[in-house]
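Chains here go by letter, A, B and C, matching the order in which they are written, and residues are numbered from 1 within each.
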Amino acid sequence: MKGAQCWLGPRRFALLGILLVGVLSAWLIQLDPALLFGKAQWHQLGDFFKAALRPAMTYEDQNPATEGVFLGEIWVALYKTLVYTAAAVGLSLVGGLVFGLIGSTRAWLALASPAKPLRIVSLSGLFLVRLVMTALRSVHEIIWAILFLQALGNVPLAAVIAIAIPYSATLGKVFSELIDEAPRATAEGLRANGASALQVYVFGLLPTVLPDLFAYLLYRFECGLRSAAVLGFFGAPTLGYYLSLSWGERHFHEVWAYLYALLALIVVFDLWSGAVRQRLTTRHAA
Amino acid sequence: MSTAAQAAFRLRDVTVRFADVVALVSISLTIAPGERVGFVGPSGAGKTTLLRLLNANQQATSGEVFLLGEALEQLDQKGLREVRSAIGFVPQHYHLVPSLRVLQNVLLGRLGQQGFWASLRSVFCSRETEQVAVHALLERVGISEKLFAKVDTLSGGQQQRVAIARALYQAPKALLADEPVASVDPTRAEATMALLTTLAEEQNLTLGVSLHDQRLARAFLPRLIGVRGGKIFKDAPATAWTDSDFEELYHLEKRDLVES
Amino acid sequence: MSKREDIARLRAARPRDRFVRLSMIAFALLLIGVWFTGEFAMTSFDWDRRMANCQRFFGKVLPFPVQQAVDASFSEKLSLGSNWFSEQWQLHGAEAFRYTLGLSVVAIVLAGLASFASLPLASRQLATASPYLPHPPRGSRWRALGWSVCRRVVRFLLILARSIPEYMIAFFLVVALGFNAWPAVLALAIHNTGILGRLGSELIDNQATSGPAEQRSLGATRLQIYAFSAVPNAFSRFLLFFFYRWETCVRDATVLGMLGIPTFGYYLLEARAKDHLDEMLFFVLLGSIAVLLGDLVSIVLRWRLRGNA
C-alpha cells in the first residue's frame, strides 16, 4: 500500500480513476469513434459551415416585398428572448429569495432554539423544503415547458414559468448557502440592540450577502438567455423559434445571422456582468 | 420600591452553564444607576458571559437577573426587545454591517424601538433630523467627517467609534463595552476609555466595561469587580485594589491552569 | 445652519461606484419593466378550455392499468402500478438511464481534458512570452505579441464555446453524426470546455506567483511549471468545479434526447406523440431520479474532496 502511494498519489489516482470511468462509460453507451470520421456525414454539414462566412442580411428567398425586413426580424427575436429571460429571472428572484430564507438552516434554527421537540420538527421542515427545491431543480426547464404545454395548451407565460421553476430552486439553494455562511457576529450585534428576527434578516444578513447575490443573479440571467432562446424550439416566440424555421427551409445564411445575433447578445452581457462582478467583489475585499 | 427596582443591574445567585462548562457560579452583585464599573480578570474568566447576561443576551441557568428594574425571566419577547434597546452594547469586534455606510450603521441602533417598516424607511431613506442627530453623535466621538463613508473602508479605531455612536443612538440608560481596549494601541486605549467615561458622565449612564489593563481600569473606573473562574474574586472601589490583588487575580489563574 | 451644509457637503462627497449603481438600477428596471411590455397579456384566455385540458391531462397521468381498473381496491391498484413500473423500466427505462448517465460522464471527461489543454494558452500568467519572469528577454517583441494574440484568441473561443446553448450545438451536429450519442457528447463537451476553461484559468491566475517564479529562475520550462506546479496546486479546486459541472451535464443530457438521441428526452417525446401521458410522466420522474443520483454522487465526491483539500 505504501509502495503504491509512491507513484500513485491522490491526484494521479483521481485522474486515472476519472479517465477509467470515462472509458467505461464510453463502452457502456457503445460510443463508436469511427462514426466521427465518416466523411459522408460531415459533408452534409458542409453547406451549413460554408454559410458561416456570409450571414444573411435579407431573406434568402429574394422576395422584393420582404426586402430589409429580415434585420428587423432579428431584432424582434433578440427582443423577445431578452423579455422572456427578464420575466423568468424576475420571477425566479422572488421565488429564490423566499426559498433562500425558508431553505436556510439558520432561519429554521432561529425558529426553534429554546425547545428541543420543536427542533426535530424544524429540522424535518428544513429537510422537506430542501427536498422540494432539489426536486424542482432536477427537472429541466424544457421538460417543464412540455408539461405546461400538455396541461394548459399554449399560454404566453408557460415558457416563463417553465424557466422560473428550476431557476427559483437553484437561486434558492445558492441564496440559502450564502445566508448560512454569512458572518454570525453582525446578526448577533443587531440582536443585542433589540432587533426583531425580520429586522436581523433585512439589515444584518441581506446587505452582507447582497453583492454575492447580485453577482450570482447576473450569472443566472446569462444562463436564462440561453434557456429562453432554446425554448423557441418548443413554441416560445424567442430566437430558437426563428432559427428553427430558417433551418427547416435550409436557409443556412439566415441561421448564421440568428446565431451571431444570439452570441453577440450573450457575449455583450457576459462582458458587462463580468465588469460588474469584478467591481462588486474587489470593493468588498478591501 | 425594592432595591431590585432601584438598581440598574442586580444579579442574585446567578449560575450560567453551557453544555459542558460552567461559565458563572452563583454570582451576586448590584450596580446602582450612574455607577461606572470595570470587570477585570484573565481571559476565559467569565467576563464576556457576564456582560452578555447584563445585556439580556444570555439566559441564566439558575438565579435571578434584574435589568433596569425588570426581572429577566418574566419578560416576553416585546419586553426583552425593550430592555435590550435600553442598554447600549459595544461588542469587542464592533459587529457593524460592512456593506452599509456609517450613517446607516448608527441608525441601526434604534431597531429595537421601531417597527419593521419604520426601520426600513429610517435606514434606507433617512430624514434630515435623523442625519443631524447622527452627525452630532459622530462629532461627539470625533469622526463626523465619516458620516457617509462605507464602514469597510474605516480603520479599526474608527469602526470602534461607529459602534459607540450606534450604542449611544439607542438613547440608552446603560452602556456596556466588551474589551474596548483589547485590540488598540496604548495611546488609543487611553482615549477610548476617556471617551467612554466622559460620555457616561455627561449623559448620566450606568457604565460597565470589561478589560485586562489594570492601570487603565484603576485610572478611569471608580469600582472594579474581579472575576476569576466564573466567581467574583473581589468587588471593591478601585482605590481599595492593591497591586498584590491584581497579581493574585492573574497569578492564581496560572496555577489553576498548571493543575488542570 | 452650517451643520446642514456640512451634512450636504459630506453627502455630495460620499464615495460611490456609479457604474455598479447604474448597472443595478438598469437591471432592476429591466426585470420589472418587461411586465409592462404587454408580452404576457392573456386577453384571449379561455378558462373553460384550459381547465378541460388540465383535467384531461391529470386524468391520463396515472399508469394505464390503474386508469382502467376503476373499481379495484387500493392495494390492487398499487400492485398493478408497480407491475407497470417494472415493465416500463425493463422496456426502455433502464436503457435510457444507462445512456443518459454514460453520455454525461464521457462528455464531462472530454471537457475536462480539453480545458486542461487550453489552460496554458488561456491563462494570463502562463500564456505570455516569459511566464513568471520579471523582465522579458531581449528581442522578444514579436513573441510577446504572438502570445498575447494567442491568449486573446483562445479566451475568446472559450467565451464562444460557453455562449452557444448546448442544445443548439447538438441540433446542428445531429445532421452530421446521426442519432447516436456523439452529437450530445460533443455538444456538452464543447459548452463545458468553455466553462471549465474559464474557471481553470481563473484558478491559475489567482495562484501566488512566487513559487513558479523561483522554479522558472532555476530553468524550469513553461510546460514543466504548468504540469508540476500550476496544475497540482489547482487540482482539488478544479475537481470541485468538474463535479459541479457534471451534475448539470446529467440534467442537460436528459433533454438532448429530444433531438433523437436515446436518452430520457427521446422516450418522453415518443410517449407524448402516442398520447401516453403516463409513460411521459414516467420518463420525467426517471430523469429527475437520474439527476438526483448525479447530485448525490457529486455531493459525496465534493465533500470528500473538501476534507482532503
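FYI, a residue touches a chain if its C-beta (ideal position, glycine included) is under 8 Å from a C-beta of that chain, and two chains touch if they have at least 3 such contacts.
It should be emphasised that the depicted structure is a prediction, and the values quoted were computed from it without experimental measurement.
J.: With chains as vertices and touches as edges, which is it: line, ring, star, complete or other?
T.: Drawn as a graph, the chains make a fully connected set, so complete.
J.: Considering B-C alongside A-B, which chain pair is linked by more C-beta pairs in contact?
T.: A-B
J.: Taking each chain's centre as the mean position of its Cα atoms, how many Å separate chain A from chain C?
T.: That pair's centroid distance is 7 Å.
J.: Roughly how far is chain A from chain B, centre to centre by C-alpha average, rounded to an integer in Å?
T.: Going by mean C-alpha positions, chain A sits 47 Å from chain B.
J.: Approximately how many whole Å separate the CA-defined centres of chain B and chain C?
T.: Each chain reduced to its C-alpha mean, chain B and chain C end up 50 Å apart.
J.: Among all residues of chain C, which ones touch two or more of the remaining chains?
T.: Residues of chain C never touch two or more of the other chains.
J.: By the touch rule stated above, which residues of chain B touch at least two different other chains?
T.: In chain B, 153 touch at least two other chains.
J.: Which chain A residues qualify as touching chain C in the complex?
T.: Residue positions touching the partner: 10-11, 14, 18-19, 21-22, 25-26, 28-32, 35-36, 41-42, 44-45, 48, 80, 82-84, 86-87, 89-90, 93, 134-135, 137-140, 142-143, 146-147, 150-153, 155-157, 160, 214, 218, 221, 226-227, 229-230, 233, 240, 243, 247, 259, 262-263, 266-267, 270, 272, 275-276, 279-280, 283.
J.: Per the contact definition, I'd like the list of chain C residues that touch chain B in the complex.
T.: 3-4, 6-7, 10-11, 13-15
J.: Considering only the defined contacts, which chain B positions touch chain C in the complex?
T.: Spelled out, the residues of chain B in touch with chain C are 101, 128, 131-132, 135-136, 144-145, 147-150, 153.
J.: Spell out the part of chain B that touches chain A in their complex, as residue ranges.
T.: Within the complex, chain B contacts chain A at residues 55, 57, 80-85, 89, 91, 93-100, 108-113, 116, 119-120, 123, 152-153, 166, 170.
J.: Provide the residue numbers of chain A that touch chain B in the complex, in ascending order.
T.: Result: residues 185-186, 188-196, 198-199, 202-204, 207-208, 210-211, 284, 286 of chain A touch chain B.
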